[in-house]
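Each chain gets a letter, A, B, C, D, E, F and G, in the order it is written, and its residues are counted from 1.
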Amino acid sequence: MLQPIGDRIIIKVQEPENQQVGGIVLADNAKEKPTEGEVIAVGAGKVLDDGKTVAPVVKTGDRVMFDKYAGTNVDYQGESYLVMHENDLLAILK
Amino acid sequence: MLQPIGDRIIIKVQEPENQQVGGIVLADNAKEKPTEGEVIAVGAGKVLDDGKTVAPVVKTGDRVMFDKYAGTNVDYQGESYLVMHENDLLAILK
Amino acid sequence: MLQPIGDRIIIKVQEPENQQVGGIVLADNAKEKPTEGEVIAVGAGKVLDDGKTVAPVVKTGDRVMFDKYAGTNVDYQGESYLVMHENDLLAILK
Amino acid sequence: MLQPIGDRIIIKVQEPENQQVGGIVLADNAKEKPTEGEVIAVGAGKVLDDGKTVAPVVKTGDRVMFDKYAGTNVDYQGESYLVMHENDLLAILK
Amino acid sequence: MLQPIGDRIIIKVQEPENQQVGGIVLADNAKEKPTEGEVIAVGAGKVLDDGKTVAPVVKTGDRVMFDKYAGTNVDYQGESYLVMHENDLLAILK
Amino acid sequence: MLQPIGDRIIIKVQEPENQQVGGIVLADNAKEKPTEGEVIAVGAGKVLDDGKTVAPVVKTGDRVMFDKYAGTNVDYQGESYLVMHENDLLAILK
Amino acid sequence: MLQPIGDRIIIKVQEPENQQVGGIVLADNAKEKPTEGEVIAVGAGKVLDDGKTVAPVVKTGDRVMFDKYAGTNVDYQGESYLVMHENDLLAILK
């Protein structure tokens, strides 16, 4: 299992549908970068200047929206995930 | 529903009227970028260094003005929105 | 009415007189950028790290001087204004 | 009268003497930029993170030395002044 | 023994398996940079603004994931290690 | 007399000896920049975020070492000095 | 004696052994920059935002490892030293 550190969140990215233009499947680098996914794991939260920790507002299972350039790609047990700071999340899809 | 995280605000952008020059409708990249819109949803507010949260000053339904380069474009259920930090808002149109 | 947010100030800019050189009216981009104007509206003030708000020192009606590159141009009901942080103001003309 | 805002100081600059090389008066852009002048007006002082204000250490009439690239040039009632943050001052000439 | 200072962590890097493309072993600079390894030693932790120290969340023996550009390579007694701030760690592999 | 402001220190620079290479006296811009000198005057000290002032650790007469790119050159009553923040000093020569 | 100021540390650098490639002694700029050395002197420590000082964790005589680009080279009484902030140290060699 991946246990994120501090204020980090691990996300299983949802690939955007029908990445085609006029029926032609786009090459990887032409595809729209994903901006949605599901939260797989959350860290303990952000450590403040006084040492206290602020718990994250998102939880495992939440569907979230994030900036397409946010986070770091990681591979773990054959799956790809995005690891980002909670602050890079834009919104929760309720 | 889109629930913004932290101090973020979601805005339905109002396209500037008659984007024409001498009767010619401007191409997308020549159009003036929008700077006004309606607040669709607000986050809980900014988390301060001591962990307290400052509630946002704007609320759903407010018409606001923002810097034309502010925010991130997102699509949700077929609609386009702008997500930005409350600090990027310039004024409320009363 | 435009209600500035946070520590922002809205200014009606005063165009510098006789923008001419040897009797020739200067083109827009050659004109001296304005550095004076009248305060039209003030925000609630700057929110400090502890969440308290510091009221602005300028008030509606004050004539102020500002850095020529400060602020954002906005149009509202056919008029042009500058929106800037109070910290970008240099002095009050008493 | 010019009332500086916050921690700003207004200075009447003293032009360096005999800006000549081998008897030739230097063109403006070749002249040494001034680094001395007299304090004309002081602001209330710097607002700290907790909202308190620290009074300035210089006062009207002090002769001061500053970095030649510091401050903003402003014109007021036909005179030229420099407006800078107190922190840009190097020393008081006693 | 290497005793990391402050919030630093020392990691024995795990080289990614079968760095080959079509059976050809990749040259060093073409290889994927490692992103996993084992914690060899931890510092006392981060010193906060008030002088208190926050103990690290990882401990010796933990397997961790980190950003491929994080840390500084060091050699010690014939072995290579990575030294990085705890904040550069992404997750603990549980 | 020059009274430095805040955490600034005024130093009378000591020119490095025998700036020659193979008996040839170096041109100004080829000379090693000085890194040592004597403290001529000290300011009241650095003002902290809470408004308190931390007295400087160096005093008039101390011989100090500093980074060769630190500080601002100033001329006063025919003498050249360096004005720098105390934080740019490396060590005191005891 | 060199008394470092604030959080600085003075290090006698240990040159890496046998800087040769194929028996050829490397020119200065091709040599590996040193990353180890002995602590010669320590400052009083870092001054925090509230004015308190945090004592350094290293002491005179400690062997330390540092980033090869850290610190400033200084010469004193015919010897060369590195002066760096304690925060640039990576580890203590125990």
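In the analysis below, a contact is a pair of C-beta atoms (placed from the backbone, for glycine too) under 8 Å apart; a residue touches a chain by one contact, two chains touch by 3 or more.
As the structure is a computational prediction, the values presented were derived from the model and not from experiment.
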{"item": "Mutual neighbours - chains that touch subunit C and subunit E alike", "value": "none"}
{"item": "Cα-centroid distance, subunit D relative to subunit E, in whole angstrom", "value": "51"}
{"item": "Rounded Å distance between subunit C and subunit D, as computed from the means of their C-alpha atoms", "value": "22"}
{"item": "Numbers and ranges of subunit G residues touching at least 2 other chains", "value": "49-50"}
{"item": "Ring of chains, enumerated from subunit E in the sense that reaches subunit G first", "value": "E, G, F, D, C, B, A"}
{"item": "Residues of subunit B that touch subunit A when the two form their complex", "value": "1-6, 8, 10, 41, 44, 47, 49-51, 72, 74, 76, 83"}
{"item": "Of all residues in subunit G, those that touch subunit E in their complex", "value": "35, 46, 48-50, 52, 54, 57-58, 64-65, 67, 86-87, 89-94"}
